[in-house]
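Right after this note come the structures.
Look for chain A in each of the two complexes below; its partner is chain B in the first and chain C in the second.
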Partner chain A sequence: MTSALLEVDNLSIGYRTAGGISLAVDGVSFRVDRGGSLGLVGESGCGKTTIGMGLMGLLAPNATIVSGQVRFEGEDLMTASDARMRQIRWRRISMIFQAAMNALNPVHRVQDQIAEAIITHEPDLSGHSVAHRTRSLFDLVKIPESRLQDYPHQFSGGMRQRVIIAMALACNPSLIIADEPTTALDVIVQNQILSAIGTFQEEMNIGMIFISHDIAVVADVCTNIGVMHAGSLVEYGSRQEVLDCPGHPYTRMLVGSLLTLSDQPADLSGVACAMGDNGPATVEGCPINSICPDATAVCRRERAGWVELSTTHRVRCSQAGEGR
Partner chain B sequence: MADTNASPILMMTDVTKVYQSRDSLFGKSSNRVVALDRFSLAVNPGEIFGLVGESGSGKTTASRLIVGLEKPDGGRMQFDGQEIVGLSGRTRREFTKKVQVIFQDPYQSLNAHFSIFDTVCEPLVIHGIGDRAACLVRVCEALETAGLTPPETYLDRYPHQLSGGQRQRVAIARAMVLNPRFLIADEPTSMLDASISFQIFRLLNHLREVFGVAMLFITHSLAAARNLCDRVGVIYRGRLVEEGTAQETIMHPRHPYTKALLDAHPRFGCSRRSGYNALLETERPRPETDHCPFYPRCRLAVDNTCNRRSPSLKTLDAGHRVSCFLF
Partner chain C sequence: MALRRFVLRRLVEIAVIFFVIMTVLFILFRLAPGDPVSRMVDPSMTPEDARLLMESMGLDQPLWTQYIYYLKNVVTGNMGVSFHYGEPVIGILMDRLPNTILLFTTSIILSALLGVFLGKIAAWRRGERIDTLMTIGALFCHTLFLPWLALIMIWFFGYRVGWFPITGMISPEVWIHPDAGFMAKALDVLYHMVLPLMTLVLIHFGSYLLVMRSSMLDTLKDDYIITARAKGLDEKTIRDHHAAPNAALPVVTSVGLSLAFSINGGALTETVFTWPGIGRELVFSVSHSDYPLAQAAFLLIAIVVLVANLVVDVLYAYLDPRIRY
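Take a look at the complex of A and B:
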């Protein structure tokens, strides 16, 4: 349980623009244990998906890894050749993509599409065992075998998302990156998908990085949570630590902006808090100093370092741990 | 706050809408999809009424019928006591001035070739209101109402220069520029981040409090409905299955489907697991005869009743109505 599956150290990824390199991911470090799950939460544009794509080696052509180290099962992924990455991708690290509606090929039967994923990465497998594995994957994501022969348009959105999950599991990976897997789905289907993800993660001892803008969903499935803002991690810790005593003002804003079903309805009157621009940081000092209620002169001048609140809980805020 | 004694601003009575897919190539029986099935609803002046249900339950069809984008196959719809099915000419114009829509996806509902001024001004142009100077004043007011300040800085921008939250505010400004009495907000935040959603909810609440606009708020999020709405209706397969105050319906649901929705909601912030467990894991086959729409998925269904007849809405207490044989 405790051996590190993936270690990311000081990873920075930038996009080449006319005005030079714009950092989308800025010095991010985290680790995922074998069978553990990490949720990356943040608003759109904070660099969550760029991290996922960077780990998969699927960055856009104008993106470049500026610095950092990624070790997966002891192997350095940053120096791995393209051929080696192709071996690792899907067999060792796979991904559940966002819009499942569009990720399947409409003119092929779903069974063939899952089989294709298996055959591409494990060409030595016999036809019989490919078919057997396809059936057991369908069983795992709870789609009846009778639907194997169907085309994607005959499936509902939730079922298509399950096919995508089955495909991600096709080669028994040890790490899955789930990028907003339930964002376009409604609550009942979302709940079914989340419980399917929880089941396979536990049963197959797979490590998971779960990317979402919805902290409530992340809280449901992940044991560790990393909160991202403007390309950087600002808080990192276990689920209980981050949610019960959030140390960073930005985390408190995220948690505070969530509507829940607790006994007291939220106060919707008054002026909305400005969450402001969430793009890569360009100003001096802490990126949220202009909207932070606790900002001091120090916050406006320099970027805070990490403050350890406990062995597993760290916060990037100069005010953290002082009188809290 | 809502004035419950006044007569409803919008009434839908037994509205039915059936979509007929085209006959297939070989002339076999065509598919009928009943989007709304004897659907009734009443929204009071100044109240936010939440319509909750999963995708495909008919929420959006209801909103399209109200604004006249589709014609119902049966039933009556009244706005301010006036029948609105089949309105045409000047009476329809007067009606569309009072009822405006905010659509789901701000990335698609704004014309990319229109500047923000043109977008927000268009309803005024269509209704022939004011000259350019007067329009400019009203557009600026509307932008300010929607929280885009200072409005002058937005006038000449185009949708691609704005974030999702800003675009949805433009859509809200466009809806508010005619000072409507009734707004339909069709999942206005499902494309937006949680933090931006919160701001949009606050804005809608503000519009209701300051301008007294009544709203039909369509959503699949129970938390949003609970926090924003005065009353909610839960719709399943085109039928209204439960209706009541937001607090009562969502915190003390009666219908098994509402309970299933509540079970599925992320547990965040309330450790108390509701655990109604009302949803069947494997669906029952849909009976040929008239039946409760939720029968195939309902764990609590009673054989020989729920699969034989369709329940009607029963009033329980204080305006809480449920359509289920268990009550």
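Take a look at the complex of A and C:
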């Protein structure tokens, strides 16, 4: 039995709006084992990134954690002080950002940006050791050391993503939150980056939460998959269970939308709900009852509770496990 | 290497721009009302003498010949003799130039530093009282009329409380004193510089503050600020090391743009405070129809602005690595 690195229990995060608090994450629970990996899949706005930022204590000023418990290495992150959170950030939990965004500061050399993370958390380290660690990180992600002195704009998108990965590994964290790290990269580079992330994660025994809208990408690198819809987790299980016998209609639509060469063009009509409809459910009943092919009167009336399909596979659908 | 090529390219551009400015000045002075010679020619002169005088100045030559002579003279640094002083204008202006450069470089650097520093804080504490106060204060100072402010400064600090001298750049008694060392002289100049400097900084820091504040607000939304937070950096490092350097870039641009204007306002400031600089000489030469002096002063100001812009460009390239090629 592997030990839990991160346990998230019934986490709800909302944004303060003029009309009260609007829930972006609604009662999400999951755990990540030491060295294990969890993929969070869901469409834009379903609350994936909000979860990641919430774990880091980096929510926007108008966001607030409504309820829930987050235990990381046995420590309650919800009650941790700001100073303690700063110590945990990057040292214990680091992030891999999307390189297409301006995740690297344009006016500082990449070497300094990596060194900065090391120096902040290990101030006693000599300048020589910091430089040595920075160089070996570059070796690890297969970027020539001669590029250490370069600025972010001098790298290609794929290389910039490697720099970001090197930076995430700088303090040898026990958990990495990767937020859409391959989005906006072409498939070949995406493949290289994914295999690099997978390798480090396994070899260094780092726990990982991999956030993506693309279930194919998540299936590539994660041992567990959590499917999110409208702020809630709707299905949670091992990769095989979720991909081979998806229990939730929404997951079935996502898996069914995977493109393969031999298939007819995939039908996405069921997956894509109207814009503005992907936020947290405000109506009664199951959030997807209007697009679900199997919806019954029960689905329209009340939200389903969790149904355990196996010890590791659970799904939040009232139709699940009934005669299929 | 890239930086050197960049500077060389800008130097070539500056040469071209300077040539254009010379030409425009030449045309402007020929278009200006009044004949330059009529100033020199005495009504008591015989027509023969007047003709000889015109000939000696080359004014009987066709315009394009005059233009060639003019170009040649400018390039060789022969800008003629001042009607008023009866001395070569180059010598007169070279005496004044360091005074202008001293006052304006100091004032621009001080206002930019003050604006960047206060704007950074205003943006960081957006919406708080300190932000409101600074924004209103900056707008207020920015809209002040320079000569009015200068007079108010003279009235209050020079006359009412009498802390600072109100005219000139030096106190002769300090300079002629046999023991006057460099420090004593420097302190004396500094003492005289306080009022004009305060006036210029008060007028100019506000626009830098506002530019810095809005630029900083944009920067704080950038993704690398989230990265910096995620790295566990403390807030001061994030503000000063990650947000401020990026936010200060537009301020550098704005310094470059405002250079020409501050030299412009320099004429006013120098006149009010009788600061012996180029601006005051320019006002004097225009009001006394001292054409050689005015022409040379204009050219010199053009050179100063061009060189200052080059410095700003190099500074920008140094601050923003993306600009270097």
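FYI, the second predicted complex is superposed on the first by the 305 of 324 C-alpha atoms of A that agree within 3 Å, B and C clash if a C-alpha of one lies under 4 Å from a C-alpha of the other, contacts with A are read in each partner's own complex, and residues count from 1 in each chain.
We adopt the following convention: contacts are C-beta pairs under 8 Å (C-beta built on N, C-alpha and C of every residue); 3 or more make two chains touch, one makes a residue touch a chain.
As the structure is a prediction and not an experimental result, all values here were calculated from the model.
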Contacts of A:Arg86 with chain B and chain C, given as first, second, both or neither: second
Contacts of A:Val217 with chain B and chain C, given as first, second, both or neither: first
Chain B versus chain C, judged by how many residues of chain A each one touches: B
Partner chain(s) touched by A:His121 [first = chain B, second = chain C, both, neither]: second
Which of chain B and chain C A:His229 touches, first, second, both or neither: neither
First (chain B), second (chain C), both or neither touched by A:Gly157: first
Which of chain B and chain C A:Glu43 touches, first, second, both or neither: first
Contacts of A:Leu104 with chain B and chain C, given as first, second, both or neither: second
In the complex, chain C residues that touch chain A: 222-224, 226-234, 237, 242, 245-246, 319-322
Chain B-touching residues of chain A, taken from the complex the two chains share: 43-44, 157, 185-192, 213-217, 219-220, 243, 253-255, 257-263, 265-266, 268-273, 275
Chain A contact footprint on chain B (complex, rising order): 54-55, 147, 164, 193-199, 201-203, 205-206, 209, 220-224, 226-228, 247, 250-251, 260-270, 279
Footprint of chain C on chain A - complex, ascending: 56, 58, 85-91, 94-95, 97, 101-108, 116-117, 120-121, 151, 153
